[in-house]
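Next come two complexes built around chain A: one with chain B, the other with chain C.
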Partner chain A sequence: MTPTNAGTVPRRRPFDPVAFLAVPAIAYLLFVYALPLLWLLVRSVIGPKGFTLEPIASFFADPFNWRVMANTLKIAGLVALVCLLVGYPTAFALAWARGWVQVVLLAAIILPLSIGVVVKAFAWQIVLRRDGIVSSTMVGLGLWDEPVRLLFTETGLVLGAANVFLPFMILPVYSVVKLMDLRLNEAGATLGATPFYRFRRITLPLTLPGVVTGTVFVFSLSVSMFVIPSLLIGDRFQTLATLMGRSFLLMRNEQLGSTTAAVLLVLAVSIVVGSGTLARRLGDNA
Partner chain B sequence: MTRLEHSAIWAVWGVAATVVVFLLLPLVVTVAVSFGSSSVFTLPPPDWSLKWYARLATTKGLAPSLVTSVEIAALSTIIALVLGTLCTVALVRGQFASREAISTFLVSPLMLPGLVIGIAMLQAFRELGLRGAWGSLLVAHVVITMPYVVRTVLGALSLFDFALIDAARTLGCSYPQALRRVLVPALAPAFLTSGMFAFLASMDNYPISIFFTDAWTKTLPIQMLQYVEESPDPIIAAVSTCLILLAVLVLFIGDRLVGLSRLADF
Partner chain C sequence: MTDATDFLSISEAEKSFAATRVLTRVNLGVKRGEFVSLLGPSGCGKTTLLRIVAGLLSPDAGSVRLDGVDITDRPPHHRDVGVVFQNYALFPHLTVAENVAFGLEARRAPRNETQATVERFLDLVHMRDFAIRSIKALSGGQQQRVAVARALAVRPKLLLLDEPFSALDRKLRETMQIELKRLLRELSTTAVFVTHDQDEALMMSDRIAVMNRGGIEQLADPATIYLRPATAFVLGFVGLSTRLAGSITAASDGQIVVATTHGPIRAIGTLPIGSAAFIAVRPERMSIGSATTKENSIDVRLRDAVFQGSKVQLHFDAAEGDQIMVETTQLPETPLEPGTQIALSFAATDTMVFPTESTS
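On to the complex of A and B.
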């Protein structure tokens, strides 16, 4: 990160005045973002009579909430899996591509990133209808006997979410694939390794850090998504984020909303922190 | 090369081609619907028409929400550019501990659920007595735009050779002059691209904004989603098409400035 300091011997000075430049930004995020989040966590264990685990306990005592958590993790897992299966090969294509092919691939991946989720979820509402493109294509290909409505189904939700989050899988994998030394694979071939063995022993370990980053990105984004499930599956199927949003915005149930928010926050932070540790361990082994 | 490898390579290109279609599908559908005459999203449209665009101007609430969104996005991007750049200078030039942790902290709002950040902010603002919707939106959106600025400017700044500043000073520039004439031009592409993407992120944000809107102050995505839920018709597709056009424009400028592949750096 700091090549300018690369050559110098680290020398601990009492205090570096340049550090003051970082103060406004850090103070801003601390007061507007970090402390409110911390406050949210603290409030979830403080009732009118001081410290209490009662809201958390009653949240976990309700079987409905367990189903909501299972829904959340299941959908996020499926979305991450779909993105991995489709995104991994695409990252290689992106690294191999030259000229206009590369431009088309890059544009197709980056352009959706700069378009809002409301726009895309609205478009998927049209695509997934009974007379939508997916259904008519499948019928046209003879794969389905009759039109099927995918809107308001779990399949539709996974398709739409995978579409929105796919770039977050492709780009991290691409960033490790393009740094890969292609001669390693040739060396493996010269030494008589089969293509499958080379993939398993050379390509896969070298790309694993990108896979971990991408999977964690997609998984945590899917755990937190709110607009996509609201538009593509509706109220019958609740995830932690939609339950939380509904508690605050529709039911005005602040207690349930705060507890759900705390659970979701702990889940999201542990995914990010856990994956950081995992990525570091992978980096050490490589 | 074995047959297995050949078929693997073909499979990779096959998947990549499908992905291009898959990723562009929602955008193409939106544009097609917006230029169609059908009000029930028939595809392909029975006839082409511009009537949805003609109705944009008269759709209630659309213009004010667009103004609010642009104001908030522009101001929060400028604030993030100033605070973020100062901070990245400290991170690249400073000699203090935990610089890695600080940059992770500044980018972390991207990784946490927006809805949770939004409600935490709402509760904190309420305690502090900050009630105005517009002001709250602005304060909140700096948290959205900051990660984009920090990520891109940090990358550009760590490639910058600070000896150039010393050289400019030897040649007679004052320190602020040297910064303005050497550092700012060198970082201009990073400022522009990160600024544009931060602007778009703020324009498109839903989960944080939803907590800070009231009957009079709404941002564009909030107004759009409300419209989709109340009376879905291709007017939303027309608005979306304008937003897609904006994103294409930003991408084009970004490509001219730093190249598409640099935008893909993660």
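On to the complex of A and C.
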């Protein structure tokens, strides 16, 4: 507080009527999204005899569900990792490209977003078949002895999902790279730092907030994906999202579905909130 | 222009960007411990030359030698050339002390040695109390100090400064200029300084290289640059002057006579008889009234007098629409009224002569 207004109570900011412009969006989200979601979650703790934690307890008592949770986290983690390894350098290429090269790169990253996930997943089915492009290329190069079917394997699922979610990694990293002062790297060089040292001490820390954001995007999308695992790996491999779908659609077990949804939601929200905090802390230093 | 005793020598450096030639066969020699400024308008190639010396750009042709070693093909991190950037380029994610320590850590200096060096250099730039502050919490002048400390802490053989004062306000700039000059002398650092500000260059430099259109027009000490500009460009870029056109009618012993509409004017120079030329006189080298000790005199009429505190700037009209500016610190006893007819006199040794430019 400055000396001039020391001792006085800071005046409350008057309500800004512009905030009313958000009313339609808030009302829409409240009635068609938040309330139904709340109802769904409440269903997981309401039994025939009122409030009960029995469904949640039995969910966690079943080792099958633990495997489903492990599957979900493992696949989401691998997808995020693949996207990071492929997307991080791509973001630099995009940020530093000039002229038509940048336009082409940007189009190549953005345009696939307009193709539906189902279409992409079917395309991957063709690519990942035993006689698909991947298999025949690897055999042709002599790297594999015989054709291998990647479709309906975890590898195939990770490859397909990483393809769909890659832009969500590239774009946040791209936006921080774009803002980075290129002189910083030059300053590092004139101070005697090798390219690797510069990357470790300058580029990496300054792009970390973008990496965290991109990883959160891809991870939370992968944790809850339903169509891609349904088409690329099938029923033998269950994730929380596919289990939830099966509970509602096939098994008609709404109790299990609600409980799974609650677990998935808690998982996803804690990841987003946790890494949001991490990103803010990193952002403060950057 | 360069010789074997030069600490830094740039020879025949050339650089083009696409179809634009930015540097044309530039030669420059800098002695050990010397402070040399590259002075010129924007786009003259001074920053390009600086970046070539730092290794941030490679020349299309020519070479750069530092301390007897050809460094033309060395990457910047193997050159031992420090740079203070125009925007300082401080690392925003590090503290003041971490910024200064960066170069030492990159060179794997022992930890206790690094700490001692950081403290010493923060002391030198009066920033020790700010060691653990974030860069973002600093003012422009403080950032500039940190940038200088960071560049000097690794004890580079050569320090390059790219308009480091341009973002500071005038008063702060003057303080920082004096401080930097003192610091570089204490550490006997060789420095090359890029600026478009003539006052800055005149005040700080041992020698000034005036650059224009990708070449060096003149390399000399500040007094020579100001009093004996080698070309009309240097005359126009550094300081004020009055110019009068004429042609050479006589020449002997380094003195020539230029016939102008204001009568014959004696000047120092060597130009062929009959060639078109113009004479130029610095405003403070003209005296009001006729003086027998001065060879040249012209009749003028006062148009305007501008009081500037320590001096008065007088604008006169001469014949044929010529205008003459005089600066004096000695105010006349009776104030001059506009319209007053008066004579101005100036010495032949203060009169410069240049051939009339064929273009521009």
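Here is the rule we use: the second predicted complex is superposed on the first by the 272 of 286 C-alpha atoms of A that agree within 3 Å, B and C clash if a C-alpha of one lies under 4 Å from a C-alpha of the other, contacts with A are read in each partner's own complex, and residues count from 1 in each chain.
Keep this in mind: a residue touches a chain if its C-beta (ideal position, glycine included) is under 8 Å from a C-beta of that chain, and two chains touch if they have at least 3 such contacts.
Everything numeric here is computed off the predicted structure, so don't read it as measured data.
**Student:** Which partner does A:Leu171 contact after superposing on A: first (chain B), second (chain C), both, neither?
**Tutor:** Only chain B is touched by A:Leu171; chain C is not.
**Student:** One more residue to check, A:Arg129. First (chain B), second (chain C), both or neither?
**Tutor:** first
**Student:** Once chain A of both complexes is superposed, is A:Val227 in touch with chain B (first), chain C (second), both, or neither?
**Tutor:** In the superposition, A:Val227 contacts chain B only.
**Student:** Let me test your reading of the model: by the given contact rule, A:Leu106 touches which partner, first (chain B), second (chain C), both or neither?
**Tutor:** So A:Leu106 only meets chain B here.
**Student:** So, does A:Tyr197 touch the first partner chain B, the second partner chain C, both, or neither?
**Tutor:** second
**Student:** Looking only at chain A, is it chain B or chain C that touches more of its residues?
**Tutor:** Comparing chain B with chain C, the partner touching more chain A residues is B.
**Student:** So which bits of chain A does chain B touch that chain C touches too?
**Tutor:** Dual-contact residues (chain A): 195.
**Student:** State the interface residues of chain A toward chain B in the complex, per the touch definition above.
**Tutor:** Spelled out, the residues of chain A in touch with chain B are 1-5, 10-13, 15-16, 18-22, 24-26, 28-29, 32-37, 39-40, 43, 86-87, 89-90, 92-94, 96-97, 102-112, 114-120, 122-127, 129, 131-133, 163, 166-167, 170-172, 174-175, 195-196, 213, 217, 220, 223-224, 226-227, 230-231, 241, 244-245, 248-249, 257-258, 261, 264-265, 268-269, 272.
**Student:** What residues on chain A touch chain C, complex-wise?
**Tutor:** Interface residues on the chain A side: 181, 183-184, 186-195, 197, 201-202, 205-206, 285-286.
**Student:** Any idea which chain C residues touch chain A in the complex?
**Tutor:** 54-56, 75-83, 85, 87, 89-93, 102-103, 105-107, 150-151, 154, 156
**Student:** Tell me, which parts of chain B touch chain A in their complex?
**Tutor:** Touching chain A: residues 2, 4-5, 8, 11-13, 15-16, 18-20, 22-27, 29-30, 33, 41-43, 83-84, 86-87, 89-96, 99-100, 102-103, 105-106, 108-109, 111-117, 119-121, 123-124, 139-140, 142-143, 146, 150, 154, 158-159, 161-162, 197, 200, 203-207, 210-211, 221, 224-225, 228, 232, 236-237, 240, 243-244, 247-248, 250-251, 260-261, 263-266 of chain B.
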